[in-house]
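Take a look at the structures listed below.
Okay, so subunit A shows up in both of these, paired with subunit B first and subunit C after.
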Partner chain A sequence: MEKFMIQTKGLTKTFKKKKVVENLDLQIKEGEIYGFLGPNGAGKSTTIRMLLGLARPSSGTIEMFGKNLQDNKSFILKKTGSLVESPSYYGHLTAYENLEVLRRLLEIPKSRIDEVLSIVRLNREAKRPVKGFSLGMKQRLGIAAAMLGNPELLILDEPTNGLDPSGIHEIRELIRSLPKEHGTTVLVSSHLLSEIDLMATQLGIIAKGQLVFQNSIEEIRKKSMSRIGFHVNNPVEVKTLINSSHAVNEEGIVYVDYLADAKVAAMIDVIVSHKYEIYRVQEEKKSLEEIFLTITNGEASL
Partner chain B sequence: MIRFLLIDTLKMKKKWVWFLVFLGPAGVVGLEAFNFLLRYEWLTKQYQDDLWGGLIDESRLLAVPALMMGLAIVASILAGIEHQTNSWKQVLALPVSKCSVFTAKFMLLTFLLFISCTCLGIGLICLGMALDFGTKIPFEYLLKISYYPLLAALPFAALHTWLSIVVKNQAIALTCGIVGTILSLYGVIMPDWVPYKWLFLENSWGKFEYSATAGVLTGLLVYLVGLLDFSRRDVL
Partner chain C sequence: MLRMFHAELLKMQKSSIWSLTLVSPLLASLIGLGIGIEGPVQWEQLMANMNITHTVLFLPLLAGIFSSCTCRFEHVDGGWKQLLAQPVSRGLVYTSKFLIVTLLLMLTQLLFLAVLMITGWIKGFSGDIPWELFLLSVGGSMFASLPLAALQLFASTIWSSFAAPMALNVIFTLPNILIVNSEKFAPYYPWAQPFLAAFSLTDKVGGLPIFDATLYGVVVSSFFLFFVSGLAYFQRKEV
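Then we have the complex of A and B:
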């Protein structure tokens, strides 16, 4: 059996009788970058709060590092770094002082502050008060803070939220390098599939508090295989003619799963020989975004 | 625990907390100086047997509301550091127990008030000297009057620590502080069991220690209840 970094069973959180998170069974393996995806308000942040021991689950269990979270909170949190929503700082203190506050709590050597500052490339701004920082710098400082304790597990809630493209790119590269260089397992949440697609190896999709998909990112890519669409004059009859179980009729176009060229030719031949008219034959690739929308029942925010 | 206190003092930087800590006693001593300068003849006649005692008793009436108000404001600032920056979740996601976070805030508040009370004592000695009350300073009485009200105020310190942390809107905590300060002005005429009366160290037995002990015990109780509530709450 593989070792799970995080494993939740039947995790449920109820707020005022409304189930915000319902029966969540997360399984995150060591060394993965787990993309935790879901539309706004799907329960991502609530789940992450529960993983960090900030909120109590209404029912269900959380196991991290193979231990129960409730009973081994400080052991687990010591090995975990986190960035929860918009990172927060003591604005009146400098970047260095902010990390110093954390460093004292974590009881780690002073040199580590300079190390993490250089990882996120903030060493030149270290002596400036944080309130003058740009959003991207604050976000990078947040990641530095999360990495301060040399964690084996990083939990990042929407780390690229509100960043400009170059900032997003930087953070993404940083996250991608973590498992390779430091052996860190990363759980990163986002409401943007394209984001997750670029960095995650494993994917979990949550919608309306329920986990609707959990597998490797390749699995979902397979779903985005292309299909062939036939524009014909009588789609209903053509569909029965083709008689393939995968043939579907969408808005007057008959779709079949991807076929090799020869088979497409054969199919055209059959349709034409039955005196139906073909106007167009097109190959269509379903984007990940569309798959995401289908999985989350179209309530995704893009 | 010391570690937590140091961290909280680090966070206090540039927050005007120290200014408030000294403003309180300075205000009381200043007003008292004003009081004695204006009515020097009358007051010295009134307290001619015990000039020092008179000065200390006069200042006691001012020190209590100052203590109450200062307590509410400082508690609010201490908790506000986390509220303003939205960093409660960041702090509590660290490998620290909620208990130690709460206790650190409470202890720091008590420690800061202790410094204020010390300043008040020193300030009163200086004032007495300046008013030429002689060198027969009643140190024991002065110490009691300086520190016992702090002990009696511990229930309020614990209450405000909890209130400021739990309710994000600091206006609520400050309003409670102001109402408390006004109520404390009427403490002397309240029945013995009301904590506001303990602040003045008055009780029907005439023993300061009773008021102080009641304060410490109730303070501990309020602290424990607050701690229990805080550790059970979800952080949002």
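Then we have the complex of A and C:
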């Protein structure tokens, strides 16, 4: 049996009769960087809140580190670092003092504060009150706070929000290095596929509260297979002629799933022999972005 | 428990809230200095005069302000979700916050006592200081302000706005001036309890102070009611 760091079964959260998260079966393996992807309002943050015990599931179970969350909250949270949505901080305290508050709760040596501050490159700003920080600096402080307790599991909700391109790059490199250097498992959420694509090894896509895809990122790349488009003079009739359940007529072009060269030639032959005119035959590759849009719109093409 | 309290302390240390503990004792001392006192029970009279504004108005207001302040940091910039995602029990978080409020109220009362001494000393009082009365009165009103503090902490965890619990507190504190005069209702009114406790000990029977059984019965039971309800709410609160 494979060991899961996080495993949820039928996780559901209802707000005022509306199912914000519905029947979620997350499976996150140890040492993975799990990209949790979904448009804004799809239920990512609500799911993460439930994983951290901040919100109670309406139904379903959560297991983390092989234990039930409800009954082992302290044990699990001690090994988990988190950043939920916008960064949390105490504005009147300095960056150092903010971490000191958490350090006192976690009972770890003081030297760890300087370590995490230097990881997110805030050591020079450590003595300044956080209320004067830019959003990017607050975000970096939030990441430092998440890493303070040397967690085995790191849950980061939109960690690159508000960061500039170089900051995004740094955080991405940091996240990528964690499983290799410290064996940390990372759950990172985002609404940007390009971002997840650069970091994650596993991918979970949530749309309207439901998990519509969960597999390795390689698997989704296979979905981005190409298709063949025929520009013809009468696309409606050609579509019936081809008579394949996968043939579609989009803006006057008839598309079929990817075919080998010989099959394309045969199809051209059929069309031409029925006296239709072919202007162009083209191969089109779907980008990951398009696939993401297709999945999240709930279309059945996957 | 200790580490939780220790962490809460750091959040409060750097805040200006401590300076509020001085406001009411200083105002009371101005009243004490301004008033003419004669007769054999100078100290007792001074304390009674200084205690009126302090216990009718300021102590109830401060109990509310302190409670709101301990929650304010958490409401403003997402503190709750970070704090409650740490390996600490919610019960400890809530209790620590209440202890901070208690500590601030204690400090206010100690300052009041100190200011009371200084005022009497400035006025050149010669008689013995009635220690027993002073301590029981100052301690009693502190104790009687705990149900209100628990109620306000409850309100402060419910409402994320700083103003809502404060407004509630002010609205219920103002009628205090009338309510403290009602023997029937005052003991049941949390905002009036600090005043009653401060003044209920001035009578003595055979050298022993008499505790107002109704008042303290209500104080103890309402404290448990408010604290336990607040705690139960906080345990279930979603952040």
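Everything below uses one rule, namely that the second predicted complex is superposed on the first by the 265 of 302 C-alpha atoms of A that agree within 3 Å, B and C clash if a C-alpha of one lies under 4 Å from a C-alpha of the other, contacts with A are read in each partner's own complex, and residues count from 1 in each chain.
We take it that contacts are C-beta pairs under 8 Å (C-beta built on N, C-alpha and C of every residue); 3 or more make two chains touch, one makes a residue touch a chain.
Please read these numbers as outputs of a predicted model, since none were measured by experiment.
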| item | value |
| --- | --- |
| Contacts of A:L105 with subunit B and subunit C, given as first, second, both or neither | both |
| Which of subunit B and subunit C A:E97 touches, first, second, both or neither | both |
| First (subunit B), second (subunit C), both or neither touched by A:V84 | both |
| Partner chain in contact with A:R56 - subunit B first, subunit C second, else both or neither | both |
| Where subunit A meets both subunit C and subunit B, residue numbers | 49, 52-56, 73-75, 77-78, 80, 82, 84-93, 97, 100-102, 104-107, 145 |
| Touching residues on subunit A, where the partner in the complex is subunit C | 49, 52-56, 73-75, 77-78, 80, 82, 84-93, 97, 100-102, 104-107, 145 |
| Residues of subunit C defined as touching subunit A within the complex | 3-4, 6-7, 10-11, 14-15, 73, 76-89, 236, 238-239 |
| Subunit A to subunit B touching residues, read off their complex | 49, 52-56, 73-75, 77-78, 80, 82, 84-93, 97, 100-102, 104-107, 145 |
| Touching residues (chain side subunit B, partner subunit A) in the complex | 3-4, 6-7, 10-11, 13-15, 81, 84-87, 89-90, 92-97, 232, 234-236 |
